[in-house]
Amino acid sequence: MIVILKKNPNPEQVQGFISWLEGKGISVHKSIGVNETVFGLVGDTASLDIGLIAALDIVEDVKRIVEPYKDANRKFHPEDTVIPVGNTQIGGGTLTIMAGPCSVESEEQLVGIAKAVKASGATMLRGGAFKPRTSPYSFQGLGEVGIQYLVTAKQETGLPIVTELMEISQIPLFKDVDVIQIGARNMQNFDLLKAVGRLDKPILLKRGMSATYEELLMSAEYIMSQGNHNVILCERGIRTFETYTRNTLDLTCVPVLRKLTHLPIIIDPSHATGRYFLVPPMALAAVASGADGLEIEVHQDPQHAWSDGGQSLRPDKFDKLAGMLMTMHQFVQTQPIREWE
Amino acid sequence: MIVILKKNPNPEQVQGFISWLEGKGISVHKSIGVNETVFGLVGDTASLDIGLIAALDIVEDVKRIVEPYKDANRKFHPEDTVIPVGNTQIGGGTLTIMAGPCSVESEEQLVGIAKAVKASGATMLRGGAFKPRTSPYSFQGLGEVGIQYLVTAKQETGLPIVTELMEISQIPLFKDVDVIQIGARNMQNFDLLKAVGRLDKPILLKRGMSATYEELLMSAEYIMSQGNHNVILCERGIRTFETYTRNTLDLTCVPVLRKLTHLPIIIDPSHATGRYFLVPPMALAAVASGADGLEIEVHQDPQHAWSDGGQSLRPDKFDKLAGMLMTMHQFVQTQPIREWE
Amino acid sequence: MIVILKKNPNPEQVQGFISWLEGKGISVHKSIGVNETVFGLVGDTASLDIGLIAALDIVEDVKRIVEPYKDANRKFHPEDTVIPVGNTQIGGGTLTIMAGPCSVESEEQLVGIAKAVKASGATMLRGGAFKPRTSPYSFQGLGEVGIQYLVTAKQETGLPIVTELMEISQIPLFKDVDVIQIGARNMQNFDLLKAVGRLDKPILLKRGMSATYEELLMSAEYIMSQGNHNVILCERGIRTFETYTRNTLDLTCVPVLRKLTHLPIIIDPSHATGRYFLVPPMALAAVASGADGLEIEVHQDPQHAWSDGGQSLRPDKFDKLAGMLMTMHQFVQTQPIREWE
Amino acid sequence: MIVILKKNPNPEQVQGFISWLEGKGISVHKSIGVNETVFGLVGDTASLDIGLIAALDIVEDVKRIVEPYKDANRKFHPEDTVIPVGNTQIGGGTLTIMAGPCSVESEEQLVGIAKAVKASGATMLRGGAFKPRTSPYSFQGLGEVGIQYLVTAKQETGLPIVTELMEISQIPLFKDVDVIQIGARNMQNFDLLKAVGRLDKPILLKRGMSATYEELLMSAEYIMSQGNHNVILCERGIRTFETYTRNTLDLTCVPVLRKLTHLPIIIDPSHATGRYFLVPPMALAAVASGADGLEIEVHQDPQHAWSDGGQSLRPDKFDKLAGMLMTMHQFVQTQPIREWE
């Protein structure tokens, strides 16, 4: 961390600041220029309150030069993380396609969709059993029964399953779930992050609607700091002033996160756009930008879906899209798309 | 809910739509104009998925005309809610001043601040025992011990205490807490909302960093729908493009929420601005706009605070501010500020 | 336009409202349902002030059902607009690649870059002669001399040229410019839009940093309403809370604008991201999403560029990228990417 | 400016960087710490491209420590700027109340409103003759005739007039206008800023919808750098995700700008909120926060206003509000509200 002092600072306050830092185990390297005095702080600066230092009378400005995340940082882990799931893996040059309904509605519905998406090329089945809904009066998901249906669909198709966990006490119900999803609204539910950090299952961590890249990585760090290093990042749209789409899909996250972290990156164009006809072009763009996979909503009968029907693709459209995505992925694999820096 | 159909819609699809609605207990009133056919939907439209309807082939547009919240809606509860806390009350023309440190650090620190802020006119003591921190490596709060110190400070000063709950399993520790705070990052932690909705304590619900007014009220509705109607809303800044301040304080929420809901409204200028010298003018502006109270961080020694020292006022500055706030409140009470509509 | 009245509205006010509308040449079709009275307004509703109507005592809500743009609206012009420029064209299945330096610096520099980008496959030369800079102390562009250098480079390479116009009085200097660019900061400089609407040159209209899709199309409408229908839309990033990138590239604009308008859509990943290593993946994603072309900054020596060097590609990297873009475009042309609705 | 080098940078590149800087007249002061090498750059760093430096191979990070504006900077001009207008002044402890219709509609209308607002206590008359409208089909203002009516109203009441300038060629028409307004959409129309910078009239500069404080001050700097130091800043709401209000009023700008600049600060609650019933509480809050004045829309008959009727106050409501604002201002003057730092 670099601290730039004001001109002619009060020497007593400077000494007090140095003592305070040293009391925290931080060593201070002074660089005295003609116009500025700059302190380089060495030690566990991740625990320093940058806002507090910025507010000191003697301080002109302060700047971190090391990212505050460690386990998730590519600088310290240069190799891509590859996460095995069932017979497949996430990352490492594969294209993960998680497909299925927003909500699990019935065993018949779910098994039907699972068979259809598998036939089209999906590598995992997604479906919500516990649903975070803005309104307490909306359908809140089938809960435990929904998870049972997911397990049945997995048995029938061999597809690994991914579904959302909303509350620590639900964890025991997720023992047969392959990948646990943490939703955007819980991205900074820190107790939940710590709890899944103690599990040995992959965690699909969705970016909060107004979370910066750094905050997303800090939430990954919460999970990883508890021992669980199998974290998959997922962009699902951020909140901006534009209201035509439900959210604004920030695809630039793919090359940015690729640089900052070694964790795999998945894109969810269904929630990001909120409209089914925007899903295919944005899914193709995601693969072109280098994403490791996609999470796509598919429903046999979107008009009668219990949630988010407006953004679901019918199986026939998904089938066409999945073929294009796989062709696009093969094409991208032949291109030197990660050699720009 | 109003549904506007496209011109010359497929009659079979129109009939299918009507049947689907009626199957959900919604009755459909058709209004056929020269250029548009408009359906008025009557019944429990709060449970309809507006996005799904908008995506139907035959639908041009759809619009809710009743807010999706009921218990929090001023239309159905015209009188202001007044919430008794200890010997004081929140709302009803009073000015609530919750003051104290961001984090509880020690009994001595807390009791010292509590006595100081009480002497200055604060009506409640705030202090964090469980702290939501972006980094897993930052101080996470004293936890249960912190709550004990709060209870001690309450016994010593008589000030009711408000502190943040982060996780359902912590609820038993909060039995002597007067007001439970739900933080901005948990505003859509729906299981937590439901859990505090079953308590009989007032809940201070902070607006999420990118939550709309309607989403804030829907989260209040989650609590109220479980039976707990003592909800206090708190604006603490929203996330925008401006980075000089930590967040952007949206003071217009005061008259907007006053119109939409009967619940009291508290402003937290400390977290919103992130800089101590911005707290007094914004606190004064909050009272001028008609807010029911403030949450303000006070620390004897902000430089050594364990969190958010940069936004804390020293007790002497708080004392000066509290006096001005009370004078401003008396002035505002004499003005007809709520007679504009 | 649909106006929903409040329950039991004052009949005199209703009559006054109807008279006022009729006085503006709007006819009112009443649809009286059980719970709502809905007025359908027919006529030139584009000129009605929706905010004013919403504020009337008797009005519950109001909603436009026809977009307020006409010339730019695909509903009224279903065929894609294709714009001829020199020997090439923009739109109609071609891939336009506008490449060149942010600022024109010298004849030698510009001609050198022009030859390089032409050899790599660029179809047009871009370069700024008049530069909108946040600071009055930054380099403001070579002005008229810069345009002369552009014309020279055009003569040497045959590449059509695109450059930014900032002020009406500069128009005569642009007589040999092939495409006039209107920058993001001038997207709502309405007098400038009207002035270029009276020219017979193609206009590249950049989306403002916080402009909605509808506002972008309304600005296109300003140009088109004066007679100039050769408008090309350009997304160059919107302003959000994320600060790692200069702006947030909103690629979803491609399929959205494709649906709303018949005008071609160009993506500028250089300004959107502000970092050169993010340009190639986002350029590829743009082509995958169906964009008609790209605007990319190229500089022989970004370190010594007079503006925006940090986002410029060196000619060798651009050469590699251009090849990939053309391959991607050919691939996309074979895929049914526009058949989703 | 502070530049932090990467560890073990290429010495040749470091030397090239130093030479490049020295070639621009910047002297480099090296501070070599144990873990970092920091360069302090001294000279006219305002002209350096910070993005370019950040993109250099050898650079870890770069940070400005002097604001890039000079004339507008309070550091160099500690005293508040007070701007005389007619018999009144803006700033210096006065409360400026600019009131009037959004658009000038007729001489009778304007003179009527002018007399009414003067009687209520307004100190200036506002009214739009040239109107920036999102749609080319909306009323664009009376133009020159509108300015004549404003001049007539000034003669009849003695109120100085403020009205918006949209285009350089209109300047001669503004010779009898007391304060020229530059609208939010033109805040970065740099040619227009330079042109009004050469006039000797006060300029009311409105903050762009997504402009940061620094960008607003840089636009003020454009005007001031041409010699016109009579600039008044005006906040009129920023664009955020919240759609209930037209924009989000960022009142915190008052104490922030007070610290950063010596220029007076005016708040426009009418455009910020877009709804008349939100204007009075936010106007009161603005005065409480320390603003130098307000711009408020008033119309005899908002329902028939030619623009923005929904946000206009009727004269009787304005009369009540103006009284409260003046009382609030007197109260605030007695309080030590500017002694926090």
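Read from first to last, the chains carry the letters A, B, C and D; within each, the first residue is number 1.
What we mean here is this: contacts are C-beta pairs under 8 Å (C-beta built on N, C-alpha and C of every residue); 3 or more make two chains touch, one makes a residue touch a chain.
All values derive from a computational prediction rather than experimental measurement.
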State the pair with the higher C-beta contact count; candidates are B-C and B-D.
B-D
Between chain B and chain D, what distance separates the C-alpha centroids? Give it in angstrom.
31
Let me have the rounded angstrom distance from the C-alpha centre of chain B over to the C-alpha centre of chain C, please.
39
Residues of chain D whose C-beta touches two or more other chains:
210, 239-241, 243, 276
What kind of graph do the touching chains make: line, ring, star, complete, other?
complete
Report the residues of chain B in contact with chain C in the complex, numbered from low to high.
2, 4, 29-36, 38, 40, 42, 60-61, 63, 65, 239-241, 243
Show me the residue ranges of chain C that touch chain A in the complex, using the header's touch definition.
210, 212-214, 238, 240-245, 248-252, 254-256, 259, 272-273, 276-282, 284-290, 317, 320, 324, 327-328, 331-332, 335-337, 340-341
So, in the complex, the side of chain C touching chain D is made of residues 16, 20, 44, 46-47, 49, 51-56, 68-69, 132-140, 166-169, 185-186, 188-192, 194, 209-210, 215, 218, 221-222, 225, 239, 246, 274-276, 302-311
